[in-house]
Structures are given as C-alpha cells and as structure tokens.
Amino acid sequence: MRDIERIGVYTSGGDAPGMNACLRAVVRTALANDLDVMGIRRGYEGMIEGDFVEMDRRSVSNIVQTGGTVLKSARSPAFMNPEGRARAMRMLKEYKVDALVAIGGDGTMRGANILHDEHDIPVVGCPGTIDNDLYGTDTTIGYDTALNTAIENIDRVRDTADAHNRLFLIEVMGRDAGFIALNCGIGGGAEMVLIPETITEMEVVKERLLSLMSAQRRSTIVIVAEGDELGGARGIEKALLDDSDFNDIDLRSTILGHIQRGGSPTASDRVLASRLGVGAVESLLDGHSEVMVGLVNSEVKLTPLRNVWGRKKSIDYDLLKLTQILS
Amino acid sequence: MRDIERIGVYTSGGDAPGMNACLRAVVRTALANDLDVMGIRRGYEGMIEGDFVEMDRRSVSNIVQTGGTVLKSARSPAFMNPEGRARAMRMLKEYKVDALVAIGGDGTMRGANILHDEHDIPVVGCPGTIDNDLYGTDTTIGYDTALNTAIENIDRVRDTADAHNRLFLIEVMGRDAGFIALNCGIGGGAEMVLIPETITEMEVVKERLLSLMSAQRRSTIVIVAEGDELGGARGIEKALLDDSDFNDIDLRSTILGHIQRGGSPTASDRVLASRLGVGAVESLLDGHSEVMVGLVNSEVKLTPLRNVWGRKKSIDYDLLKLTQILS
Amino acid sequence: MRDIERIGVYTSGGDAPGMNACLRAVVRTALANDLDVMGIRRGYEGMIEGDFVEMDRRSVSNIVQTGGTVLKSARSPAFMNPEGRARAMRMLKEYKVDALVAIGGDGTMRGANILHDEHDIPVVGCPGTIDNDLYGTDTTIGYDTALNTAIENIDRVRDTADAHNRLFLIEVMGRDAGFIALNCGIGGGAEMVLIPETITEMEVVKERLLSLMSAQRRSTIVIVAEGDELGGARGIEKALLDDSDFNDIDLRSTILGHIQRGGSPTASDRVLASRLGVGAVESLLDGHSEVMVGLVNSEVKLTPLRNVWGRKKSIDYDLLKLTQILS
Amino acid sequence: MRDIERIGVYTSGGDAPGMNACLRAVVRTALANDLDVMGIRRGYEGMIEGDFVEMDRRSVSNIVQTGGTVLKSARSPAFMNPEGRARAMRMLKEYKVDALVAIGGDGTMRGANILHDEHDIPVVGCPGTIDNDLYGTDTTIGYDTALNTAIENIDRVRDTADAHNRLFLIEVMGRDAGFIALNCGIGGGAEMVLIPETITEMEVVKERLLSLMSAQRRSTIVIVAEGDELGGARGIEKALLDDSDFNDIDLRSTILGHIQRGGSPTASDRVLASRLGVGAVESLLDGHSEVMVGLVNSEVKLTPLRNVWGRKKSIDYDLLKLTQILS
C-alpha cells in the first residue's frame, strides 16, 4: 500500500446538519497525523472542475455549531459517466490527493464506490443525511437534528390544532424511509403515523380518524412521511375532503419541508459527526478503504461501501406498535 | 352606568401565542379588583351554547409561557345573524356576566362591536392575532412570536440554500398584510420581499433574480407573503419554471404555514399581552366600553372598536426601502 | 404470582425532562391492558402520606412535550427508615395498588429495591435522571435534553468569548460523572474538559491554557464538570487568578446550573421515555420484578435493581481522547 | 463641511447580539452610497494599533443571524488618555478614514464623544448593549435577545422548581438598570422582582416570600437584577438561609450569567440593528455628527452623544406595578 500524505475531503448530495462538525474532525485529525488536507468544494462537480482549497486548523474554526456545509454541495451529472470520473481522477492526481473522505448519503457512497473501483484511490465514507436510510450505522449525521426540528414545529402546530379541535396532517421528510415520521409520531404525541414501509388502506385511515375525532372532541395529529404511498399530506387531504363524512371536520394540512435540512446540529449529531470524522481518517491510516464508518451499538464500525447503498435499512417495527398503544 | 360584578372573557378567531398570557392578566386583574370571572370557551360559539367556566387564580397558573389558548377558539356561523347574538346575550345574562373582554383579531373586534351595539353590554377588546393588521396598536399579541418562528426557520432554509447555491422562495403568513414578510425579509437577510401592499411586475422580479443569481453565485432568498397578488410562493415558482431563462437555476419553494401560529410566546409578546390584559380590565372599571386597548408609542391607548376593524393599518414603507439597500 | 389489577406510578429524586412522556406511556399502556393506574404524588413522601390520584387517558394528555413532572417529586427522609416504608406499604394496600413503576435516578431505584425486599411488592424502574449515571441503560431519560440545553448555552457563551478573545470556564452538571461535560466538550468545540473520572494536575492545566491562549489569540473554552476534583469552575478560576502568569488573560467563569434540569424534552428523550414506559408495564405483566428497564444497543433490556445502583457506569474513554485531537 | 469618502466602523465594549446585523447595514449602506468602508477591529484598542480591514459586500454576508461581533471588541486603557486618542486619530488619518460609526454602549458613546471633541472627526453612534440603559432610544440592539434568552431559561428553571415546590432566586443581568429583570419578571411569571431602581427592605421580602410559600404550596420564582442593592441572588440567598423561618423551605439560586450576552439575535433585534445601521450612515451623509441614532416611537431619531451617556433612562414604573397584580 502506498503512503498517504494528502487527503481530499468533500460533502455531496443533500446537505445535513453536522456535516461541518464532521469536516472539522476530518481536518484536525489529518493535521494531527501530519497529513495535508485539500477541501474539494461542491462535491463531485468540484472534483471534476478542480475546485480545491487547502485546509488548515483555522479553516474549520467555529463551524462545529453550524448547519449546511462550508464546502458546499452540488449535483454532478458529469460524474455519472466514466469520462467525468476520469477527469475527476486527473484532478486528484494533479493536486496530489492520495486518499478521500466522502461525507454524504446514498448517492455519495455509491459515487465513492465506483471511483475507487475504476481508479483505485483509497476512500472512506461518512454517513451524512437527515434521512437515516444508510445501512451500516445506527444513525446518520443530521438525522437527530432533523427529528428535533420537526418535533419542535409539530409542537407549534399542536398548539393551534388544540385551540380549534382540528384534524391536522403534518408531512415530514422521508421519500423512501419512515424513520423521521415514526419517531416524530411518538415524540410528537401523534394519533397516527403513515410511512412508506407499510401499506395502509385509505378506508382504515378514515374509519380510525372519524372514531378519534368523535371520541375525544379534541385535536388529532397525523404524521405523514412524504414518501407514503397514499400521496403525502396533500394526497390524504384530498381523499378526506372528497368524503362527505369529513364535511364537518375542521381539517388542515402542512408540509414542514426544507426547514428540516438546516439549523444548528444537536449535541448528539455533533458528537456523532466528530467521532465518525476522526474514525474516517484513522481508518484510512490503518489501510482501510472502500468502507463507510458508522456507529453501531455505540462503537465505530466499518461497512463495505457496496453494502451501505445496496442494502435496505429497516425501521424498528416495535416503534410502530408503540404509536398505537400511546395514541 | 351599572356596576360590574362579573366579567366574561373569551378568545376568538385564529389563535395567537400570548393569548394565554393575556387571559392570565385579565383574570388576575379582575380578581385583584374583587370581580368574578367567567371564561367563555370556544369564542362566540361557546357564548351561544353557554360553554362557560368559572376562573380563579389557579385556572391561569403556569400558562404565561404556553401557545394556543386554554379557552379554545372556534368559528361561529350562528353568531353571524341577530338570533345567534340574542341567544348569546341571554346566556350572558343567565350567567350574570356584566361586561366582556374579547381577545382576538379583526373578526373578534367586529363581533364585539355589534354585540355591544345590539345589546348594550360593556366590552373591551385585546388585539390578539399574528398578522399585526389591527389599527390602534403598534403590534398585536402573537405577532412578535410569529416573526421569530418564521425567521428561525428561514435561517434553517438558508443553511441548505447556501450549501447548494439555490434560489429559494419562502412563503410566510399574511393574507392581506405584509408585516411578517417585510420584517422577515430584513431580519432573514433576504434578497427580495413580495407583499400584498405593493404591486410587482413579474418581469421585474425575473430580471432582478437573474441578475442576483448570476452576480453572486450564491443562494438567493425571496420572502413571499401568502397574500401577494402574484399568487404566493407556488404562483411565483410556476411563473419562473415556465420561463426558459430559469432552466439552469436550482429553484425551490417552501411554505412555512401553520407553524407560525403556535409555540411559546416571546418575551415581548408576554409583556405586551400582560399589559393589555391588565389595561382591558382597568378600562372596563373606569367605565370605558366599545374600545380596544393597544400599545401605541409604549403607552396603553384606547381606540373605538369601529376604527380597529374599519381602518387599514399601514406597513412602514421605510422598511421596504431598507430591503433594497441591504440585499 | 398474584394477578396485577392496579399499578401505582411515581417520579422521585431530581426531576428530568421526559419524565412526563414516560408517565404518559406507563398510564396508557396500563389502560390498554385493562389495568387501573394510581398516580402517587411527590415520590416516596406522597406514598407515605397517601397522596394518590387516579389516572385516566386525559390525565396524561398534552404532556409528552413538557419538562418537570406533573406528579411532582420530593425528598423523603421518612422513607429512609423501616417505619416509613411500612407506612408506605400500608397506604399502597389501602389503595389496592398491586405493583409499582418507579421513575427516577439512583436513589429512586435503591428505594424501590428495599421496598420490594421488605414488603414483596412487584416493582419495575425507569431510569429518569439528567446525569446518565445509571448502570443498565445506554442513556437515561433527560440526559439528551440536558446535553442540548448545555450546548445551546455554551454556543451563546462562545459568541461573547470570541468577541473578546477570552478564556472561559463553563461549569456543567455532573457531581459524580463526566457524561455531560465530556459530550459538551466535543459538541461545544471546547479546548479542554475536566471531569471527576480523571485526575488532572493544576500545573498541567495551566501550562496547556497558557499555550492555547498565546498560540491562537482567540477565545478558549474549558468545560468543567461540577464534581471535578479541582473544585468546579470557581475552584479553577481561583487557582488561575492566584497565578501571576494569568494576569494578562481576560478570564471569566459561568455556572450553567439548574437550567439544565428543565425544558421541553428532545425527540430522543421523548422516544426513549415512551419506549421505557411501555416496557416497564409490559415487564410487570410478564411477571418481572425488581428490575429496571433500559435501552441497551437499541433494545429494551432488564437489569436487576441491585446492579443499577450498585455498579458504576463508565464514561467512554475514546471520547476523552477525541477532545484532545479536536481542540 | 468636508466630503466623506471613507468611513470607519467599529464595535466596542460588551458585545451584544445584533451588532453584526448593524455592521452589515452600515457596510452595505455605505457601499450603496459609493463610500469606502474600513472595519476597525477590537474597538478603540484596534483603532490605536491600526488593526484595520477593508470591508466589501461579502465581508458582511451571512452574518445577520450571528451573535458576537465579527470585528471583535476589547477594553482599551490606552484610549483613556489624550496620547492614546491622538495616536488613534493619526491612524484614522493614515488610513484616510473621514468619519466614524461607533457601535456599542455607554462607554463607547463617551469615547466617540471625546474623540470628536478633541479631533473634530464626524462620528455617529449606534446603541448596542443588552442592558437597554442608553438614553435616546426605546430599546438598544441586543436587549430583546437577552430578554428572550433569559426568559427561555427561566421557563426551564420553573419546570424544575414546580416539580419540587421550590423557592428559586434567579439572577439576570443589569448592573445599574432593572430593564431585563422587570420584563423577565412579567414574562417569566415571577412572583417577585428586585431591581436597583427601587429600595427593598429585606424584612418585606421575607414576609412576602413566607406568605407566598405558605399560601400556595407551589414553587415561587424571584427575579433579581445583578445590581440590586441587596447583593444579587447570592446576597439574598444568604440572608434567607440565615433566617430560621426559612429552614423548612427548599431554596435554590442560580445566576444566568454570560449566556445572556450571546446567541442569534431575535427578529426584533435584527430589524432594529438594520434600521439603525442604515440610519447612522445616512445621518453622516446628511452632515450630522456627535449624535446617536435611536428608535423612538418607531421612528429613527438623533440624540446628542452628550445626552446619551449623561442622562439616565428610566424604567417604566407601570410595569413594576404589573408584577404585583399578576403574581
């Protein structure tokens, strides 16, 4: 194995709170091990365009608490084909980058995987995505923050729902996975949770809602994952409005949307991001590659990149049962 | 003038953070002046149905910091016609309520006005609405909280907008008034603000956005009041997407929605609500009626109810100029 | 084993955010299993005095998001001796309470243990304490909230520390354990962390601080656990002020104090509390007793009460190493 | 009057949230009027040392939402004597600074005043201090944020106070003025407020507290301004602990301290800071000098610097009465 003297680090895909804390840990761990660090701006797009910037201790001062990513992120259609990746590799060589730390989600890991396969550059991934849908880590960087942002705002909606005894549909993020919705349902004290992992009959939903609304003469909150097969909050709202049984019910829906992507990371996300950033650099130095660092049962673990994006991470079905007991 | 021995208090219309702090002040001031207090639940609807509850010091303990309204709110179609109001008045007499404190917005003040005119019951209003569109007070109860909720979430959106150099349209509340949008624009560091009070040409908006996006290669934030004549965030998004000049621009829109109605009131809203609640009861005791208490230039002032809902409160056009200088 | 028809539930010791979410889960799970539930107010003191209240679904409505404990808590010197405990048992019998769920920390678990040993009443504990110092669970209810409250306020202190290039000592809770301090150090981007688990020489601290302050001409943050053997923030401040080498350094200290005990629980604490509350009742129904429910590696696990308070939970020494790499 | 081509801007004294928003407004307004802008780092100390940095639009990007001050602040003993000020003036001339905008509190305004008197350089002040104790503006930049930070943390303390029926003394900032304490008292629902502006007999305090604690069997919160003549929270705690009547009362005290100085500015502080920053530059361009811009009755007003620090701003005694009615 060749020696590593200079690493490159980048953030890619959807940004997530804690990416900056992770970047800080990567940079400082690398410097503490006498490595040079190049920041690659705007993910794979910047890699292809040679948008590189040297990082020192000060470049990552005072960012542990910030949302977004100081290295920016971008989509890169050019990286989708072999020519783009070859160009990226030429840039990495030009800048004498010996190894990579990739911070991002599913697509980022897949990109790192293929770059390694085609060009044999050592690469270690860090799971940064609010969706928590990466195999190989109990939670991803940004997920805890997104959850808290969602719940804080669900609390606000419940204030106004309660004031009017309303039925409220609240849509949270999660195109393919119900992690955020499920935990928001429990933490937000919701009466029902609809997620992509389970198929729900619209008739069952209606019946349950009518029974809840008549029983309690109070507000009722339904959390809907954006990827739920009934069509998100708007889809369900439409179906309910079309049903005359719901004529007398004061119904509203709201989509929390992009606010869930930003904000100062929580304590838990900062510590997770820091541990994984340190772990990524130490793994590279130990000769590992084509792996993602994750936290599994409170310990740093490595998982082959191929499994990270190839396998489906399951929600905890016990939690689903919980929402029924508690509502 | 007859003596007041028992007052009734209610919250009506859209709920606003700080209504509970106001209610607490009304109850405690009344009790301190040896008055009885009846809480009327669900606004005019509860008044008609006789949904009354006696209030003591403990009924309003530990609510100064809560959003929503413990007395609940509701729409009341029945109160729209004279028979409904006559029934409401019979209930007030039955419960020996001699005078009323009405907490709410535009419609609430109008309802109080007409009830007084038809049935001659002393009534004083407190301005509770997040929209800040009531004449007779510099700010309304709930407005400062809504503003802070909006800005906190705009900050989050900017994190992710910056990470991707995106153009973001953020819709805030304000069906008829641009108060929230205008102040969010300045406080949120937005590049453009669109409000109902001014007419904006879509072509001018497009030109400005294209120039901003090309000039800075950074994110651009546009704050849109829901009542803007161009159709809110969705309307503008559609117009931009239809224009081929915007093909290469990464454009997103988000609607903050009902989160702006809830949450723990800010310091300023709690103090305002407390002052106006005290002021309302003291005004009744001083023999005033058919007025709303407001805070004008830091002092409690009374304004005839007729003017409160009849006159249009103007935004501060200096602030509009500010958004252009600062962006 | 006798059948359980009615359970009693109480919160005891220092209150922690999430206790109400736990209580809600206990009550609703019990009701869903056709058990009666008695709330015991003010912990062991209320148990002795017979301060019992029947709980239904509505008693725990709208509390999942609140700090503190609706059942209140108290110290109970009377429960320290056998007579007090015998009186408590008589009350439990009088109210036909067949089994107990105890929510609290170290002392609460010890009390439950001894009550069971002397009077053979089934009891299951839930770990509620901000200190995270209970053996048998990865984290305790309230810990994540306390951590986030501390870090949010450390962020604020860093703003002002940075503005003046100051050296700031910030004391966080943790009389016997460094969990909060250690994680605050990493998440808050602190330059140094002092905890009870490790012995630090004052001379080493001074040397490191002088080197940091001279190297960077920036602010420096030191997180001190209240139980650190050097005497908390005040103790260290005094030692530094007595040393002439620190004459030119702008030094301040602040004690975060009781703010770390309150506030709305985080997403993670609400979900943890809900899972453990459900788990406690289900464990009782499964015939378990004299155990605490905890979450270990994401699964609900039972640990004998004796071990919970008898064994010392260790901090993660890897995290300690991390603070040195990252600062 | 000579023409202004380049202005200098600095922050000085205790930092306050919103100083960065003000700085941003100063820089962008100046640039919009074709002026050059020099940032003077570390207040008067940096002015003397020539610690100047040129500012463009990008220097103030993305800072409207940050606490602290990007220009830093410092104490300057050297500026206290005429030689120091003469040196400062030489630096200003060397860097061709024609006029100054000073952002800060009492001492900053006094310094600007004397610099103008001795060296005849145009100067306009912006009121930046959390204490709100500057004559010539209804509120100062940073005050609303400090108030909200204090109240948010008082809410947390009340959670734990309520859980134990405790008497809590909470000390907030305010060495010479009770603005923060008074508004925290009302907004935080406190039972008593002690401020420097009024003299309180310890015996009266004790009597009131005993009556409150016995009457309600609930928690009692006392807000104490740090400058209260009874010695802040510690002083009062000591006096109570020395009195045997308080032996049975569960008494705690906490000092909120420096957390009140930092954090992201509120909506209201951001808008205020922006308006005053614009107003300061426009005032200079209109030929004004030796004045502070303030917001009085919602309008930008100028006040001679001499009055700003020479006159005492009064608290609103109506608010003091309010705390008695409401508690």
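Worth a mention:
Letters are used for the chains, namely A, B, C and D, taken in the order the chains are written, and counting of residues starts over at 1 for each.
The rule we apply is simple: contacts are C-beta pairs under 8 Å (C-beta built on N, C-alpha and C of every residue); 3 or more make two chains touch, one makes a residue touch a chain.
Values in this document were obtained by computation on a predicted structure and should not be read as measured data.
Steps from chain B to chain C, taking the shortest chain of touch contacts, total 2.
Shared contact partners of chain A and chain C: not a single chain qualifies.
Look at where the CA atoms of chain C average out and do the same for chain D: the two points lie 35 Å apart. Between the Cα centres of chain A and chain D there is a gap of 39 Å. Chain B and chain D have centres, each the mean of its CA atoms, that are 29 Å apart. Among all residues of chain A, those that touch two or more other chains are 155, 158, 162. If you sketch which chains touch which, the chains form one closed loop in which each chain touches exactly two neighbours. Interfaces, counted as pairs of touching chains, are A-B, A-C, B-D, C-D. Of all residues in chain B, only 11, 14-15, 17, 66-69, 72-74, 149, 153, 155-160, 162-165, 168, 252, 254-263 touch chain A in the complex they form. Remark: chain B residues 21, 24-25, 28-29, 32, 61-62, 64-65, 138, 144, 147-148, 150-152, 155, 158, 162, 183-184, 186-189, 218, 264, 266-268, 270-271, 274-275, 278, 297-298, 316, 318-319, 322, 325-326 touch chain D in the complex.
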